[in-house]
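Below: a set of structures, written as structure tokens.
You will see subunit A twice below: alongside subunit B first, and alongside subunit C after that.
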Partner chain A sequence: MRKRDGGMAIIETILFGLLLLVPLMWALGVLADLHRSALASSSAAREAGFDAAASIGLADATRAVDEAVTRAFADQGLDPSRARVDWSASSGLVRGGEVEVEVSYPVSVAQAPILGSLAGPSIWVNARHVARIDPFRSLE
Partner chain B sequence: MVDERGQVTLLVVGLSLVVFAIAGLTVDGTRAFLYRRTLQNSADAAALAGAAELDRDVLYGSGGERAVIDPASARRVSAAWLAGRALPVESALRIEPEGVVVELRGEVATTFLGLVGIDAVPVAVTARAEPVSGTP
Partner chain C sequence: MDATLSIIILLVMVLGAVQVALTLYARNVVAAAAHEGARAAIELGRNPHDALVVARSSVERSAGGLVDRMRVTMSLDSTGARSVVQVRVTGLLNSPGPVPLKFPVSSVATSSRQKAPE
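For the complex of A and B:
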């Protein structure tokens, strides 16, 4: 008597699909978000550093940093309000000084392809940039 | 008749290996891309820092019209800038009459490409900055 094989392929496909492809899709989703967040963070730090170094005062620099960070994350379709930004200027934006900007952003590990990010642990991506203030810049 | 059980398993495993290989290439490619971006940002900042070192006699003598780089000062500042970043890379500085050129060369370690004998990917960037007189 011959044993019937009907339906075995479906079971095997579902089993291996669940075991291999689902974790793979999840990992690719997280990696894509990590990439996007790292790109946005480095852009934000770089642009914020340049803009703050060209600012005429601390208030102007603070506004420039906020705008640069918001723009960089919005460009990547990310929520700028989740970014953590630390910046400092040596001796208050003195000529020839340095502006250091550090941007961090949390990437949620628990996410689904359609549902997106879910609550849970996060991986923080960081970017840091140091820009020099023009030693010949005019003071207004 | 031949028993065909397990045929789909082979197919799915083979397909998964291909998908994993593509995912691996993506991971290593992404890492190299981000590392290149980091190097480029550092090279740009170092070149800009050096290009801001102007010959004061020429600048003030021309009433601010001519901006010419002070080579010794530019080299010192760019080198100090790179040293401050402590990047594990080879660097080359060229101070030219028109500007400062910074070249950085490094390697980024791979994860998945290591399985096929490629342990690192070389990354090189160049940045050039020149002084411009006037209000930015």
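For the complex of A and C:
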């Protein structure tokens, strides 16, 4: 008896194609989120650096850094509370000094386009910015 | 016959994945362009009108080719000790993938600066 197998290749292609497509789309989603988080982190570090370097005191600078980071992540639709921010000012905020800001953000690997992100392993993206305090600024 | 159809189906799947990847990338580029526009506006704008011109020019240079019917709006809030500029970019994203589709895109970016002493 001769077995008729016409059309089987299409069914196999669709099935295996979908099987390959699901992890591919997941990977694309994670990569896009990584890119977005990297952009948000670098924006946050840069804005925080600019704002801290223009602040008149450490308390004011701390507030400016927090606000800048919150705004930068919120603009990209990311949760600012998950960001880790470290900043330091060499010898206070004197003229010609430097402010260094480092922002890190975890991107969850266990996420799907509709389901959202689940608890699980994360990839941390980091951004660092060094801003110079204006050597001729009028405020100390 | 089967091989031809299978190749076509696979090609559609691969091109679709490429399209999705490039569309997501383009969306992020527009968001970054909006941010650059906001930063340029707050640094270089001498007045609200000038700031809008600077923001629009910066966004168009960064992402003009990606967005059709692009609209750049700006709001300036100068209450308190800081000036805050918010730039919003809306339009139709020209997906740079193999299929010429357009997707609506909207991106917001905020930038602030300490007010200069009076």
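In this section, the second predicted complex is superposed on the first by the 124 of 140 C-alpha atoms of A that agree within 3 Å, B and C clash if a C-alpha of one lies under 4 Å from a C-alpha of the other, contacts with A are read in each partner's own complex, and residues count from 1 in each chain.
Criterion: contacts are C-beta pairs under 8 Å (C-beta built on N, C-alpha and C of every residue); 3 or more make two chains touch, one makes a residue touch a chain.
No experiment lies behind these values; they were computed from the predicted model shown.
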Touching partner for A:28 - first (subunit B), second (subunit C), both, neither: both
First, second, both or neither for A:51, with subunit B first and subunit C second: second
Touching partner for A:67 - first (subunit B), second (subunit C), both, neither: second
Partner chain(s) touched by A:123 [first = subunit B, second = subunit C, both, neither]: neither
Subunit B versus subunit C as contact partner of A:8, first or second or both or neither: both
Touching partner for A:134 - first (subunit B), second (subunit C), both, neither: first
Subunit A residues contacted in one complex by subunit B, in the other by subunit C: 8-9, 12-13, 17, 20-21, 24, 28, 31, 35, 39, 46, 54, 138
Partner subunit A, residues of subunit B touching it in the complex: 1, 3-9, 12-13, 16, 19-20, 23, 26-27, 30, 34, 37-38, 41, 44-45, 48-49, 52-54, 59, 77, 81, 84-85, 135-136
In the complex with subunit C, residue positions of subunit A that touch it: 6-10, 12-14, 17, 20-21, 24-25, 28-29, 31-32, 35-36, 39, 43, 46-47, 50-51, 54-56, 64, 67-68, 71-72, 74-76, 138-139
Subunit A to subunit B touching residues, read off their complex: 2-3, 5, 8-9, 12-13, 16-17, 20-21, 24, 27-28, 31, 35, 38-39, 42, 45-46, 49, 54, 96, 129-132, 134-138
Complex interface listing, subunit C residues touching subunit A: 1-3, 5-6, 9-10, 13, 17, 20-21, 24-25, 27-28, 31-32, 34-35, 39, 82, 107-114, 117
